[in-house]
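Below you'll find the structures, each written out as C-alpha cells.
Both complexes shown next keep chain A, but they swap its partner, so chain B is in the first and chain C is in the second.
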Partner chain A sequence: MPEKLKFSIDGREGLADQGMTIYEAARVIGVYIPVLCHYEGLKPVGSCRICSILVNGRWLASCTQPLSEGMVIENNTPQVIEYRRAIIEMLLAEGNHFCPACEKSGNCELQALAYRYGIMVPRFPYQFPQRQIEAYPGFLLDHNRCVQCQRCVRAIQTEDGQKIFAMKNRSKDVRVNVDRKLAAKLSPDQIQKAMDICPVGAILKKEVGFLRPIGQRKYDRQPIGSEIEGKK
Partner chain B sequence: MDSIKKIISRYKKDRTRLLDILKEAQAAEGKISDQAIEAVAAALQISRAEVEGVISFYHFFSDRPTGKYVIYLNNSVTSGMAGREKVARALEKEANCRFGQTSPDGLITLFETSCIGMNDQEPAAIINGVIFTSLNEEKVKKIAGQMRKNIDVQEMIEEYGDGANRHDLVRAMVKNHIRKEGPVIFGDYQTGLGLNQALKLAPEGVINEIKKANLMGRGGAGFPTGLKWELCRKEKSSEHYVVCNADEGEPGTFKDRVLLTERPEMVFEGMVIAGYAVGAKLGILYLRHEYTYLKRYLKYILENMRQNGFLGKKIAGQNFDFEIEIKSGAGAYVCGEESALIESAEGKRGDPRDRPPFPVQNGYLGSPTTVNNVETLATATQIFTHGSAWFRAMGTSVSAGTKLLSVSGDCDRPGIYEVEWGLTLKELLSLVGAEETLAVQVGGASGQCLSEAGFGRKLCYSDLATGGSVIIFNKTRDIFSIVRNFLDFFIEESCGWCTPCRAGNVLIKNKFEKIASGLGTASDLAEIEAWGKLIKATSRCGLGQTSPNPVLTTLTNFREIYEKKINKEADFRSEFDLARSVEQACQVTGRKFEEEREDA
Partner chain C sequence: MARKITIEPVTRVEGHGKVTIHLDDEGRVSQARFHVVEFRGFERFVQRRPYWEIPVLVQRLCGICPVSHHLAGAKAMDIIAGVPPEKLTSTAEKIRRLMHYGQMLQSHALHFFHLASPDLLFGFDADPAVRNIIGVAKFHRELAVHGIILRKFGQEIIKATAGKRIHGTGAIPGGVNKSLTQEERDYFLKSPAPYNIDTIIDWAQEAIEIFKKLHQENKEVLDTFAAFPSNHLSLVRKDGALDFYHGVLRAVDAEGRKILNDVDYQDYLKYVGEEVRPWSYMKFPYLKKLGKGKGWYRVGPIARLNTCDYIPSPRAQQEFEIYKAYTGGKPNNMTLHSHWARLIELLHAAEVIKDLLNDKDISGGKLVKKGKKQLEGVGLIEAPRGTLFHHYRINKDDQVVMANLIVSTTNNNEAYNQAVRWVADKYISEKPEVTEGMLNRVEVAIRAYDPCLSCATHALGQMPLQVDLYDDRGQLLDRKRK
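Here is the complex of A and B:
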C-alpha cells in the first residue's frame, strides 16, 4: 500500500497520510469541511453530523471516517450544502439560541456556521424547550444553548480519567450531567478551557464576561473556516 | 448499605458488570438510591455523573422509589389492537394512579414500555420480572386484588404455557405458538452432532462450510456470516469474542424468545462453533432485560452442556476450551445494534460506536468480536448437523435455508413460522389465516409498511429482507395510528447522540401530527418526505437511518390516505388552530369553544 493516499474533493486532488480522517485530509489541502462537535486533539464522536459529505452516493461523517485510497468526495455541492444547512437549522430549532443576549456571540461556532451558510431563519419550527441553567462553583451551565457535542465530556476529566461532565438520559432528553463533587475541584484554568472548548455559550465562566467587545471577536471579522481555507 | 457493598464485591468491582450491580441494587432497595450510586462510583472508580448517565439510559432502572409491584405495560401497536387501552385504564383505576406514578399506598407503580416480545399474546406486561400475557380488565382486577393481599407475583400465574415455559426454572404463562415447524430450526437435532462435525475441520474449514452454505445474518441486516467470522479470525489479537445478540427489540419480533425457550442448546452450540471458528475462548449471550424470566433456565442448560462436555475445557475431547456467560440489558432498543450492544455489555450507556472500526476489528473490550443473531447461530449448528449442501438446497439461489417469522396482528394464527426463503406475502397471509388485509408491516417499525400492491413480493434477501417481524393490519385499522405508534417508539428509543435522529424525529412527528389533524398542506407532505430522507442519510447508526421509514413507506404505499388529509387549496400558514389556541382559556372559563362559535 502506498504511504500517501490519493483523493479528491469537489474535483480538487490531494494526497494525505494513511490513518487520517476525511476531515483531516481536507484540511491538508486547504479545504474546509465544517465541524461542530469535533475539536482538534479530541477523539471524534460524530455527533453533530454537520461534517457529512458524499462519497459514491454514500453519506459519511468526515470527522470519523478514515480516508481511503482514491476517494472522490463531494463537499461543496448543492445537495451536501442543503443537508448541512438543514442540520444546523435543526440545532437552532431544537434549543433556545438567543444570540443578542449571549456572552459567546461572535465566538460561537454554531452562530458562525449559521452565518457562513446564510441561515436567516430555520425551516423547522422552534421547539422552545424548557431547559435549566445550573450554577456550579466557578461556572454556569446553560442547557438552553447546549448542542450535545460532548466536547466537555471528552476534554475535561480528572487526572485518573473520571468524567466530570457525562451524558445523561437519552433521545430528546439527553443532557450534559455535571459531577458536583468533581466540578468543585476544577481550577480556574480548567474552567476557562471548558468554556473555550464549548462551541456555544453553554459553559460560562463566572465573574468575567464580555472581556472582548462584540465586533472584535473570532468570527466577527471573517467567516468560520477561513483559517483553513487561507492555508493552502 | 451493607447489601450494596456485598453486591459490588460479588461482582469483584468489575466495571463491565455495572448493569448487573445496578439491577441488584434496585431489586434490594426498590430504587437505585443516592447512597448506592455513591458507593458504586467509589468502588468502580468512575464519577457519579457517569453512573447516573448509565442509570438514566436504560428503561428499567429507576432512581425514584417504586412500589412493591412494578408493572410495565407494553405499548406496542399490536397491544393497542388487542385492547391495551382498556387494560391501561383498568390498571390506573385499580392502582389509583397514572402511568409513570406510584399508587398512594406505595403498592403499585405503573410504567409503559416498548415491545417486550409478546406480540402474539397481547396485551402483555412485565410485573416484577414476571410476564403476564393476554390481559383484560377482568384479569387486571384479579391481579390487583392479589397484590392487595401481598401475594407473590409468581403465585398469581394460574396456568403455564407449553414446552419449556412449564419448566421448573421458567414457570411462565408465555405460549410458544409454534405454528409451522420447518426443517432447520425445528428439524432433527441432537446436541453435539453439529459441534462434533465442526471440530473435525480446521477453523478455516468451518468458516468455509458456512460460506458454502451461504448463511446470512438472521437479525435483519443480512451480512454474510462466514465473511464476518473470517474477518474476526484474521484480526491479530490475544483475545477474540463471540457475542450472541439476544436483544430482539424490533417491534413485533419474538422468534428469539421461542428459540431460547425451545432450542437453547442449538443456539449455544452455534456459539461454541463460532468460537472455534474465530479463535475465541469466551462467548457472551446478551439477553434483553425483558427475557430475564428465561435466565435461570438458560444457565441450567449451560451447566448441562458443560456436564456433557459440549462446553468448558477440552470440548468434545478436543484441545479447545470455550465458556459462555450471560449478560443482561436493562431496556434499550438501540442495544440491538451490535456496537451499542458491546458498549452495554461493557457496562456502559448503550450508545452505538462509530464504524469503522467494526466490532470484528475492535469489539468487546477492544478485541475482535463477532456479534451474531440468535437464529443465525442456531442455523449454523444445523448446517454442521446436516451439511451445507442440505441447507443450500432450501430457499432461493440468493437466500439459502429457512427463516423464522414472528407473525402478529390481524390473523387467526399468530405465532412462529419457519418457512423457506422465497415465500410471497400473499402465501404467508393465507398460511396464517389473514383476511381483509389492509397492510403488512414487514421488518418491524424500522421496516416497511406494504399495501396490497406489495403482497406479491417475496421474503428473501434480494426482495423483502427481514429479521422476521410481520405485523398484519386488516381493513378496520387506521394507518395513521400505526405510524404514530412507530414514530413515538423511535423518539423514545433514540440514544440522542446525533442531531438528525435526536432532533429530527421529533420534528417529523410534529409535522406528522399536523397532517394527521387535517391542518397539513401539499408542502407539508413534500417537507416531511424531504426531512425523512435527510434523517436517513445523515444519522449515525441503523436506528436513525431507518427511523423515518414508518412515514416514508406509508407515504409511498398509502399516499391517498395522506392526500385526503391535506388542505389542497391552502397557501397560508395552516398550522394555526384556533380551537387549540384557546383551549386553556376555555378550561379556565369553563366555556366550550364550539358553543361559542355557534352563538357568535
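Here is the complex of A and C:
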C-alpha cells in the first residue's frame, strides 16, 4: 500500500496521507471546500451537505468521506456550485436571518458563504418561522438563526465532560436543546467559545455585541476560503 | 358643492404621507389634514431582542439619519448598562458627538440643497420639470456641487466613526467600538480642498449667505408663508447652549416664556403625552402641562434656535445673533425661516467637527465602560429634524420587553397640520380648480420641516403625488397625479 494517496480535484493533482477525508486532502493542496457543520478538531457529522462534491457521478460529503487512491473529484464545477447555492438558499429561507441587525454579521460563516456564492435573493420562499429566543445565564440562544449544525453539541462540555447542548425533535422540527442546569456551569470563556464556534449568530454571549468595528471583522478583509486558497 | 382634495403622496420628503382638504358648499376650507399612511411597527418587533442589539437594529428605521436612532438607542442602552452620560469615557462621548455632528452636516445639506432649494431658487410655481435637484445642477451648478460635497463630507465622518456611511455599528452600550487614528483625522483636516473641514466651514457659511440673499429678494413670502405661533421644544446643554447630542429638555411658548425649564429627559413621560387620532398612523405629542389642545409644539432647527440661549461656536454664534435680531430676540415662528435656522446649524456642525478632529481625546483607547445594570432607560438626542425620544424596558434576561419611540417628525405632527391648513385657507379656499402650484405650496409648507415619515411611523417608501377632489358625498370630481 502506498504511503500517500494520489487524487485530483477539478483536474489539479495532489498527494495526501491515508486516513484523510476528502475535505482534509483538499486543504493540503490549497483547495477550499466550504463547510458549515464541520469544524477543525471536531468529529465530522456530514449533516449540512454544503461540502458535497462529486466523485464518479456520486454526491459525497467531503467532510466525512475518506480519500481513496486515484479519486477524481469535482469541486468547483457549475453543477457542484449550483448544488451548494441551493443549500445556502434553503438555509437562508428556512430561518430568520436578518443580517443588518445581527451582531455576527461580518463574522458569520453562512453570510460569508452567501457572499462567496453571489446569492442575492433565495429562490425559495421565505418561511419566516416563529421561533423563540431562549435566555440562559451568560448567553442567549436565538433559534431564529440556528442552522442545526451541531457544532455546539459536539464542542461544548462541562469540565467533567457532560454535554450542555443536544438535539431534540425530528425533521423540520429539529432544534438545539440546552440543559439549563449544566448551562449555568459554563464559564465566560466557554460561552465565548460556544459563540465563536457557532457558524451563525444563534449563540450570543450577553452584553458584548458589536465590540469589533466594521472593517476589522473576520470576513471584512478577505472572503471565506481565501485563507486556504492563499496557501496554494 | 362640498369637495375633498387629497394630495397623495407628498413629494420631496422622506416617507409616505398624504394631505386631505375638505371644502364646504361655498368652496371654503372646512378641514385640512396631513396623514401619514404607512406603518411598520418597530416598537413591536424589537421586543425580545437583546438590549445590546438595539442601537444597530433601530437605526434601520431610516436611511437618511440612521445615526440619530443609533445614538438615541445607544444612549438609552447606556442607562440600562449602568453607564449614564456623564460616566462615558471622554473618547466615547466625543466619537459619538463627531458621528452625530457629521450626520447633522450631511442631513441638513441634503435637505437644503437637494430637497428645499428648488422651491426657493425657482419659485413655488416654476415648472416641476425644472424645480428639482437636476434643475439646480443645471442652472446653479456651483450650489449643487457644494450641496453634494457638504453631504459627502458628513457621510465620510460617519463612516470614520461608525464603520459605514449608512447603518454602521460605532456606538455600543456604555461606549463605542472604535476611535479615530491620526491618519483618519488628518484626512479630514488636511486633504486638498474641497475635502477638508476648513472648506466645508466656508461653504456652510456661503449657504447662509445664499439664504439671506433669497430672503432679501423674497422677504414677504419667506416671512409670512405658513407662519403661525407655536410652542417650541428641544434639548439644550445645561448652560443653555445649543447642543445636538445631549442636554436637558426645554420648551418655550411663542413669546419665549419657558414651559419646561431644563428638565431631565429620563422623566419625559411626566411632561410629554401622545394623542392618537383615527385618521393618521402618526401620533400627536403634546406638553402635558398645557394639555392636548394647546400643548402641541414644534421641534427641529427653528425650535432649537428658539429654545437655546447661544451657539457654542464663533461663526455660527455670529449668524445666530443676526437671526435673533430679526425677531428682536423673540422666538421665530416663521415656518420658512427653518431653512435659515437649518443652515446656521449646518455651520455650527462643521465648526464642532473641526474642534473634535483637533481634540486628541478622539484618538483615545478607553472606549467602553460597564456599570450596574438597570431595567429601563431613556435616550434623547436632537436629530436633524428635531428631538428624538427612545425609551426601552428590558427583562432580567436582557431582552427588550417595551419600546416607545417619539421621533422628530411625530413631534411636528400638529405643525404640519397647521401649515397645511394655512396654505389651504390662503391658496385653495374658494378656488374652483386645483393647480400644480397650489399643491406645491402645500408641500413647501410641509417640506420646511424636512419630515421623515418613514421614521415617524417607522416606515419606508417612495413619494409620488396624487390629488383627488371629492364632493361631500364622496364622489370623485377631479384627480391629478405627478
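Heads up, the rule we're going with is that the second predicted complex is superposed on the first by the 230 of 232 C-alpha atoms of A that agree within 3 Å, B and C clash if a C-alpha of one lies under 4 Å from a C-alpha of the other, contacts with A are read in each partner's own complex, and residues count from 1 in each chain.
Simple rule for what comes next: a residue touches a chain if its C-beta (ideal position, glycine included) is under 8 Å from a C-beta of that chain, and two chains touch if they have at least 3 such contacts.
No experiment lies behind these values; they were computed from the predicted model shown.
Enquirer: Superposed on chain A, are chain B and chain C clashing or fitting side by side?
Expert: On the shared chain A, the partners fit.
Enquirer: For A:P125, decide between first (touching chain B), second (touching chain C), both and neither.
Expert: first
Enquirer: Consider the C-alpha centres of chain B and chain C from the C-alpha centre of chain A, and write down the angle between them to the nearest 10 degrees.
Expert: In the superposed arrangement it comes to 120 degrees.
Enquirer: After superposing on the shared chain, does chain C or chain B touch more chain A residues?
Expert: B
Enquirer: Would you sort A:Q148 into first (chain B), second (chain C), both or neither based on which partner it touches?
Expert: A:Q148 sits against chain B, while chain C stays out of touch.
Enquirer: On the A-aligned overlay, A:Y115 touches which partner chain: chain B = first, chain C = second, or both, or neither?
Expert: In the superposed model, A:Y115 contacts neither chain B nor chain C.
Enquirer: Once superposed, minimum distance in angstrom between C-alpha atoms of chain B and those of chain C?
Expert: 18
Enquirer: Quick check on the output: what are the common chain A residues between the chain B footprint and the chain C footprint?
Expert: Dual-contact residues (chain A): none.
Enquirer: Where on chain C is chain A touching in the complex?
Expert: Contact set of chain C toward chain A: 48-50, 52-53, 55-57, 60, 81, 162-164, 167-170, 172-173, 177-178, 368, 370, 397-399.
Enquirer: What does chain B use to touch chain A in their complex?
Expert: 45-50, 52-53, 56-57, 332, 349, 351, 354, 356, 491-500, 502-504, 506-507, 510, 527, 531, 534, 537-540, 575
Enquirer: Show me the residue ranges of chain A that touch chain C in the complex, using the header's touch definition.
Expert: Against chain C, chain A makes touches at 100-101, 103, 133, 135, 140, 204, 206-215.
Enquirer: With touch defined as at the start, can you tell me which chain A residues reach chain B in the complex?
Expert: Per the stated touch rule, the residues are 44-50, 52, 59, 61, 64-66, 83, 86-87, 90-91, 93-94, 123-125, 127, 147-148, 158, 160, 162-174, 177-182.
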